[in-house]
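Read from first to last, the chains carry the letters A, B, C and D; within each, the first residue is number 1.
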Amino acid sequence: MTAVLTDPDEAVADIPDGATVLIGGFGPAGQPIELVDALRRHGARDLTVVNNNAGNGDTGLAALLATGNVRKIICSFPRQTDSWVFDDLYRSGKIELELVPQGNLAERMRAAGAGIGAFFCPTGVGTPLTEGKEQRTIDGREYVLEYPIKGDFALIKAHRGDEVGNLVYRKTARNFGPVMATAAGTTVAQVAEVVPAGGLDPEAVVTPGIYVDRLVTP
Amino acid sequence: MTAVLTDPDEAVADIPDGATVLIGGFGPAGQPIELVDALRRHGARDLTVVNNNAGNGDTGLAALLATGNVRKIICSFPRQTDSWVFDDLYRSGKIELELVPQGNLAERMRAAGAGIGAFFCPTGVGTPLTEGKEQRTIDGREYVLEYPIKGDFALIKAHRGDEVGNLVYRKTARNFGPVMATAAGTTVAQVAEVVPAGGLDPEAVVTPGIYVDRLVTP
Amino acid sequence: MSLGKQELAAVVAADIPAGSYVNLGIGLPTLVADHLPIGNGVTLHTENGMLGMGRAAEGDEVDWDLVNAGKIPVTETPGASYFHHADSFAMMRGGHLDVCVLGAFQVSVGGDLANWNTGEPGAIPAVGGAMDLAIGARDVYVMMPLFARDGSAKLVDKCSYPLTGVGCVSRVYTDHAVFLLEEDGVAIRETYGISEAELRSRLAL
Amino acid sequence: MSLGKQELAAVVAADIPAGSYVNLGIGLPTLVADHLPIGNGVTLHTENGMLGMGRAAEGDEVDWDLVNAGKIPVTETPGASYFHHADSFAMMRGGHLDVCVLGAFQVSVGGDLANWNTGEPGAIPAVGGAMDLAIGARDVYVMMPLFARDGSAKLVDKCSYPLTGVGCVSRVYTDHAVFLLEEDGVAIRETYGISEAELRSRLAL
């Protein structure tokens, strides 16, 4: 059942030290800024963060990294023109990086949400990113075995939600949100607006409410 | 690029003998009756058909089975109160049955469409349906290795399509359609109506046109 | 007295926590829907791609594009959503449903479930989504008559029928008793028209 | 004369079959979009969840929820659709895109691609969707200057940089020539401001 809240701080207050937190967004698009800011204020330490990038500028995810509370980041594209916060932490050995091809990042979270134990995937065969991984030829093609990425919490941003937690997104801000929502023990979604049950077209719901534990209108 | 047709017979005319044909529907809901009838008239032989069921009554898929042109059916739930056509063929050894748990049927087709070589799945562990399959313990849980099901053709039914092949469905008639569309070399979708490009809400498209080769309004 | 089907369905319904996401299997479990308290936020899932399934459709409500897993026309509740089969089974297999209620031919005291095939010669097997629910739902409740027509118990030491899932059932609701299948054995939570001693003797528990 | 960036983009664009589904990588390949003939039914895919991407957004069109893989605001064409990341990469990895055009540090004559990491000490690696496109698109075209700043060729016998994909590139579009990487070796389709003999000598082909 979905709790409808207005306070981002309340929504993330039980994230413990050491948690793995999936954070939605592709760069700024779809990044749940208010929830990330709340997580920063909350101050949980020793976090593992999963995001496509590693923060932009000095706000949101970058500001969270700057606290030093993120031990490890799992992402596909940390290096950007405005990723200076991450760059400094990385170069000074203060953050661990697991670099994952973007499709594996998405599919490994999907696997976590779908009960798949592992899957054979063609991405990265013969490259340094799959070195040491189990490899197998299936029907004449090479594959590498990849494992699920499960979160303790997911913090995502959607466009609108209804009272039972159904979500719709907006344009390319959808990106990782729907996948992360399925892959975490507790999913917190920030939305611009909450409508009554029945206020969203059932044919157009992208994330069914079963995946959403808390809905926040910050 | 999607071809927009009005003749179901033309839409299935190149299905060869020996083809694997994915046919949408959960019982009658979402079954592309006009396309299945056209396939029956077309007369391709030695077919492998993938569907959740094995035909109802004497029409649609049941009528196709009755021609004797289906060598094998891959499905999850053949036995129904009105599956007499299949029942007779099966009991007289005239059709081969591969019984697959419904979730594996869906996930194996999804894997075919998503480029996954195989996946470890918890369904059916310790049951006769996974006997002889590769098994592995991952994080303390037992899984069985399952392989993709790829179709040469998919015949599906949607509600509306646009000129570039985007599809929306109607209620629980959606079922296997979107998954099958991704898993076949050639996907043929029958729809009640074709609207101009831009006539469907981009946020609510369920099957993007990239997966639809032919759109038929029978 | 032993319970009738509707009484049994009411017992199961009363045990489903408010706010749960629930899948009710074909047959006997379907009856549970009618006994869920209105407004306690239980959301019904149907494997053929829907959350927020409502009651059976009547009269003009019948729409053959809106059916349940048993292919019976149903209705939609406010807050419903539709999704395709791979998404529906990802939901089931990924551990997101709180409870499923299934019928059974046999359940073992260790929680093994047999509900898809009697293994009789000439029988046509059909499994549907039963194996996916068995491994996927957080709690698997079984609802069945305790005794078969020949008087043999369906709660058994070891299933003789082909299995649907291993060690997956946590509770068995029957016309004669409710059983909790626990780590250290079978607990009888309540009995209907039969003493616990007689039950244990008939079941060889 | 060798080609400028826009001229090169026009050459690539002219080779993309009508009706194709195409992904254009970050950087140089992005320029191809401006040269696609209007109305020939090429549909652009962006990895961050969209088919039917339009040109770069201008003025009031800028919407930070609608960006391309390089996080630049873009527009939507009629017939566009949005989907989440797992669906977007399933599309890429499942072999549904006809063509992708990628930039590169190096390409080997056998079609190996190196475009994500120069392996320099202190460099921060970033891979994004490059490895998924390399193995997923039916045809992988590379678009790059033929020579690095130090004069060394970027079409090489064997890549010295870490690989993105093995044997995946089918064509290399450069400022000096278009190369077809075929089973039996490299064919030079056309040259720009340099003779084929000189090219073969500078490249040691």
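Throughout what follows, a residue touches a chain if its C-beta (ideal position, glycine included) is under 8 Å from a C-beta of that chain, and two chains touch if they have at least 3 such contacts.
Note that the structure is predicted; figures quoted are calculated from it, not measured.
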Partner chains that chain B and chain C have in common: A
When each step joins two chains that touch, the fewest steps from chain A to chain C total 1
Comparing A-D with B-D, the one with more C-beta contacts is A-D
Return the chain whose centre of C-alpha atoms lies at maximal distance from the corresponding centre of chain D. C
Just curious, how far off is chain D from chain A if you go by their C-alpha centres, in Å? 28
Cα centroid separation between chain C and chain D, in whole Å? 53
In whole angstrom, the CA-centroid distance of chain B from chain D equals 34
Would you kindly tell me how far, in whole Å, the mean C-alpha position of chain B lies from that of chain A? 33
Multi-chain contacts in chain B, i.e. residues touching at least two other chains, fall at 107, 110, 114-116, 121-122, 169-171, 202-203, 206
Specify, in ascending order, the residues of chain C that touch 2 or more different other chains. 76, 82-83, 89-90, 93, 135-136
Throw together a list of every chain pair that touches. A-B, A-C, A-D, B-C, B-D
Within the complex, which stretch of chain A touches chain C? 1, 110, 112-116, 162-164, 166, 182, 196-198, 200, 202-203, 205, 208-211
Would you pull the chain D residues touching chain A in the complex into a rising list? 46-50, 63-67, 71, 76, 82-86, 88-90, 92-93, 112, 117, 122, 124-132, 135-136, 162-166
Going by the contact rule set out above, which residues of chain B touch chain C in the complex? 26-30, 52, 76-80, 83, 86-87, 90-91, 97, 99-107, 109-110, 121-129, 169-179, 206
Considering the complex alone, what residue numbers of chain C touch chain A? 18-21, 41, 43, 45, 51-52, 76-83, 89-91, 93-97, 135-136
Give every residue of chain A touching chain B within the complex, in rising order. 107, 111, 114-122, 136, 138-139, 141, 143, 147, 168-171, 201-204, 206
